[in-house]
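The same chain A turns up in both complexes below, where it pairs with chain B and then with chain C.
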Partner chain A sequence: MTDLTPITALGAAKPAEVSHGSLTLTERPDIGLASLALRKGVTCPEGLPAAGEATDRVFWIGPGQWMIEGPGQADSDFAAQVKGDFPGCSVTEQTDGFSVVEVHSHDGAAAIEALLAKLVNIDPVALAPGCAHRTALHHMTVFVIRRADDQIAIIGMRGYAGALWHAVDLAARRLES
Partner chain B sequence: MLIPHPLLGLRDAQEFTYLGDASLMSRPAPEAGEAAFCDYVFLRDNPAGVHRELWFHEQGDRSWLVVTRDTVTHEILGAELASDYARSSS
Partner chain C sequence: MSRLSGGLIDRDTPLNFHFNGRSYQGYAGDTLASALIANGVRLVGRSFKYHRPRGIFTAGSEEPNALVTLREGARAEPNTRATMTELFDGLVARSQNHIGSLEHDLLAVNDLLSPFLAAGFYYKTFMWPRAFWEKLYEPAIRRAAGLGALSMEPDPDAYDKGFLHCDLLVIGGGAAGLAAALTAGRAGARVILADEDSRFGGRLLAESDTLNGAPAVDWVAAVCAELDQMPNVRLMSRTTVFGAYDHGIYGAVERVADHLPTPGACVRQTLWRITARRTVLAAGATERHIPFADNDRPGIMLAGAMRAYANRWAVSPVPAGDKVAIFTNGDDGHRTALDLIAKGVRVSHVIDTRTDAPRFGDYDLLSGATVTGSRGRKGLRAIRVAQDGRETWHIVGALAVAGGWNPNVHLASHHRGRPVWDESALAFLPHNPPMGMVPAGACVGKGGTAEALADGMRAACAALAELDFSAKPISLPEAQNASAAQAPYWHVPGTRRAWVDFQNDVTVKDIALAHKENMRSVEHLKRWTTLGMATDQGKTSNVSALAVMAEITGATIPETGTTIFRPPYTGVALSVLGGGDTGEHFRPKRLTPTHGWAKAQGAEFVEVGPWMRAQYFSRDGETHWRQSVDREVLAVRRDVGLCDVTTLGKIDVQGTDAGEFLNRVYANMMGTLKVGMVRYGLMLREDGHLFDDGTCARLAEDHYVVTSTTANAGAVYRNMEFARQCLWPDLDVQLISTTDAWAQIAVAGPKSRALLQRIVDGFDLSNEAFPFMACAELTICKGLRARLFRISFSGELAYEVAVPARYGQALMARLMEAGADLGVTPYGTEALGVLRTEKGHAAGAELNGQTTAQMLGLGRMVSAKKDSIGAIMSRREGLAQDRRRLVGLKSCTPEVQIPAGAHLFTKGATQSLKTDQGWVTSACYSPHVGGYIALGFVENGDRRMGEILTAANPLEGQSFEVEVTSAHFVDPEGGRLRD
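Entry: the complex of A and B
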């Protein structure tokens, strides 16, 4: 059988990682994603985040809709696992549709907020830890999650992974100079 | 321009796309006849002043909103989810 080498959304065998000043960008191809949607008449399962919010593994994407993250589970049937956790809800595999870029600051919240101010039309201070929004970044639709004071995740369409990486990388590089 | 999204707070108008008059939500019954559908499809009020209109949060949570806007000053007076609006007006 042909020996195929899996590559990430950015086209390399290993996930990209780069540092500019206090910011480190990391590609996270290991995160499995599955969306969860409530069906008509089904009561909302407990523990799911409210509008505009995120918990450790789940973030809100629209009325009655959430995205579930599974770090390290991209190569497994993550949707099937989520389906088992939320019987009666509609679960769709999303791992292959998106690409995750995480940005970590070694210098506190200020660098992250400066980067957000360059990239998205959302108040960076109001985007506190535990908030998640879908918005536009360079005309691409993205989810922005504030994981912590000094960490954000930007999840964009996989086909635009290169453009998304370029946009975030360039903004971080300009902040450095 | 900022639109006060009922779930997410103030959001940039660039994230939204505009559909038109909110009266599009009150579609005639299937048996209402050709004249009623002709009015529904082609006739619109063109008010100088307060106007209710449908906006889609396309680059956001993808919900439909009914936005109340003053067409003279472009001031946005309020916004609610179209699903809530439909329930309250039916």
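Entry: the complex of A and C
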């Protein structure tokens, strides 16, 4: 185990968490990420979600491309593990390519959908649980995953983590007021 | 006070406000306009050009006259329509566009000079001396003919933005809009009902009509209550849908807190982008007036507005006992007379242009009569009426003018659908509205209450039928259609000025003058006279002006046509259009993994695209950035330096055809690169010019990592994806960006190997084991996954080490700690630039889109053994024969700076485009050389070593002598980076 101490995408030792009204925002630096791309002639492994969809651990990011999530595995060589799980596929380490912000509502779907309306141009009806979209948020590229009625994950580029957190935090705070 | 009985104001909630320093009182539910009228304030502003006294003319967003500066200090907002301003306690407003008091405006002299100030006068005057226009004439004209002034302070309020989606967007909450929303809401469709007013109801709030035998507001309240209970319906009052854009997207501004003294914790306004599958446009109609001589006096207003003030706000335009007259060309004006009489207001006459005008009540009716003049400098005192060839003066305190109604076709026309003239309605009606929009109600000429209700329901059913909703007709309330009969009477002929456009002081005479000047097309008429411009966009004047022009030209109104309708429907604050992100958050910033560390070291940062990069690191005692940069450069050349280079684009390339793919996107060969090695690469554009440069590292047979410049990271990735997906889809290659995933730190300088040796986990860094341009995956700092590249931008022995980004900051700190005895020094982008300039390495200034590989002296890198993007085009005559070459330039006077961008000329030659020999691309002070140096492109530069050229900066009148040298000021043999 290295003797270097990591920091979160927001530059802190511990992940950020804040609540505004019924919404709680949580930074998730513990999630390991690895992208998976099909090679020519390789049969698509079973269980990978279709375009615009997500499962518990996998979301679609493009034609023949997925992102695999590994909660709690950010400090491991997660890409190597995924490579083992999907032989014959191209796997790229992405754990630190992104910053994951999860938003949980303690008051059902309405608060989540009100937040989405302030952030992304996606019809909440088209973002039902199990859906994942790549879209623009405050001039940034993000993945938005509807994990459940009352929970979303917004995954943006790590360099933009501060700007992404600011945007989501401000929108949630304004909903509270 | 001239309050009437009834109305929709809350008399239990009095509100105090100030106008021009005087205190007044109104009630909750008032607008500033209704409260001013209730307090007997008729004079509220001065006209644009002639500074004529002006009063409130309308009761809605079409108001041309009653523009005030609302609030004070930084929140002062000019040109706010008093008619749309909801009264709140403590409201402060003041009038605009006058010098001295509103009552005694010094610029009222302009009215006396009006013969010299006709339309377009400034196109023909103020022509000499030419320089005076910008410096004297224009500022003076703008001062004299202006609207309000900005506070010049930063806007203290917050603004927001958002996105909404619905099956049916209903624009306008009047009779048609409410019926449409209720129909759709009950059908289960997702509905958004938006109205610019503070409450729904539209003209139902302004008329005395009944629905089901009860006041219309009862039905409105019941419908709103039902809609409010529907989870599928969103009610948005105070929301103006201002534009129809592509793909069913509408722009809307919700005035969240404009009705409050201050927004408090709320945002002031929200910009909504509404994506609607279908839209019902129920925007209603705007009343027009009938121009007559001196028709602009305070006290003259639209008849429908006067009716609204009486019915909704319970105010009379005159004090009790004074009389009101109505001037109309149709039956609608008579409704005003009846409503005023019902409210106890004395009506002197209804003056109807029609000889066969019907009588609807007990009032004096003058048929076949017109108003031909008025008196009262600061408020109407009398009108002159012509009937049967006789003219008589009548004492009145106010005049209501009813010239018919113009359907609000604006949003239906935003996609260039030209409205069509309907002779029976005497109005332009929507034609070819945006796809998915169904206009309904008064905006298609169906303004009667009963027909508007029915048409709104019909429109909703029609729109929803296309979406497979089975919308059922709803039970509509029993309603009437007031008679809308009218005569096509457009203006009263006369010799005195008759205003058509109040906001821009455009009269019938001005339109006649435009005709004489051959400005007859409506578009020319608009520009020549300024008719229809400014904040009201001519809502009360455009059609009347067309009619006047048509009369003059002898053409019909449809032949005369309309101008183009464009968003916004009403003025939109730039603050809300900006979406609310200002200052630090104006645009997202991209931070490097070591940003926090660099900040703690006192780094100055520079924007590089969205990235914030450390520019240099000041130390105590350094008073100028050059001192810091020189120190950093020398430290790298002497010892070892560290620089965060994470920002360079990193693209992961995998697949069995990865090598072949890279052969095709790079000009040079990449497929032959050995595993564990790196190669410098050039990418060309399709036209053969240089696109980008970078490195390509082969980590495995089927795995490369490509780097690009910071600036082109996105573009290179995009182009590679295009090539993968569209040009060569058969190749087995997969791409993905990993720029953010890896923190990459350049470790450069003769002691870089010694430093790295202290952190690698048993990795052999010797020149033999890890030579120049080698790469490897390894572990450092006791087991951390890392990548190491032996590449150099500085010309020194150098490496770049990459670790997962979360460890970037800790690695930087560890390297600083481990290298303290080696003199390790962090350096920023300025030193990076100096180092690469000293070494003659190209960067963005050299790869500016106009240069070629040959010009960089790298022509042989464009491989002839294979095809690649841009290779063939790079050999075309025009490029191949270009003889400009990259050279170094040394200032002949070492302490004199060479300006980047200067053009180069043969010494002694005249300086012109024909004699131009090239230009300076990059320039800096070189602490290594001890003077200013530069890079540049020079004609036959590789053959002109030692020649003295003139670097000219004609913009500043400067000339400098420079010596042409090798571009490699440091270690031209390249021994250092290979040691």
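Rule of thumb we're sticking to: the second predicted complex is superposed on the first by the 172 of 177 C-alpha atoms of A that agree within 3 Å, B and C clash if a C-alpha of one lies under 4 Å from a C-alpha of the other, contacts with A are read in each partner's own complex, and residues count from 1 in each chain.
FYI, a residue touches a chain if its C-beta (ideal position, glycine included) is under 8 Å from a C-beta of that chain, and two chains touch if they have at least 3 such contacts.
Only a predicted model underlies this, so the values are computations on that prediction, with no experimental measurement involved.
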Q.
Let me test your reading of the model: by the given contact rule, A:G52 touches which partner, first (chain B), second (chain C), both or neither?
A. first
Q.
So in the superposed three-chain picture, is A:F98 touching just chain B, just chain C, both, or none of them (first/second/both/neither)?
A. second
Q.
Looking at A:R134 after the superposition, I want to know if it touches chain B, chain C, both of them or none. Which is it: first, second, both, neither?
A. first
**Q.** Chain touching more of chain A, residue-wise (chain B, chain C)
**A.** C
**Q.** Touching partner for A:I145 - first (chain B), second (chain C), both, neither
**A.** neither
(Q) With both complexes overlaid on chain A, does A:N121 touch chain B (first), chain C (second), both or neither? (A) both
Q. Who does A:P6 touch here: chain B (first), chain C (second), both, or neither?
A. second
Q. So, does A:I31 touch the first partner chain B, the second partner chain C, both, or neither?
A. neither
Q) First (chain B), second (chain C), both or neither: which does A:S90 touch? A) second
**Q.** chain A positions touched by chain B in one structure and by chain C in the second
**A.** 121-122
Q | Complex interface listing, chain A residues touching chain B | A | 51-52, 60-63, 121-122, 126, 133-136, 141
Q. Within the complex, which stretch of chain B touches chain A?
A. 7-9, 11-12, 14-15, 59-63, 81, 83
Q | For the chain A and chain C complex, residues of the former touching the latter | A | 1-9, 11, 29, 35, 37-41, 64-65, 74, 77, 90, 92-98, 117-125, 138-140, 157-164, 166-167, 174, 177
Q. Once bound in the complex, which stretches of chain C touch chain A?
A. 158, 160-165, 190, 265-267, 273, 275, 581, 585, 587-593, 595-596, 610-611, 646, 652, 654-657, 730-732, 734, 736-743, 779-785, 803-807, 809-811, 814
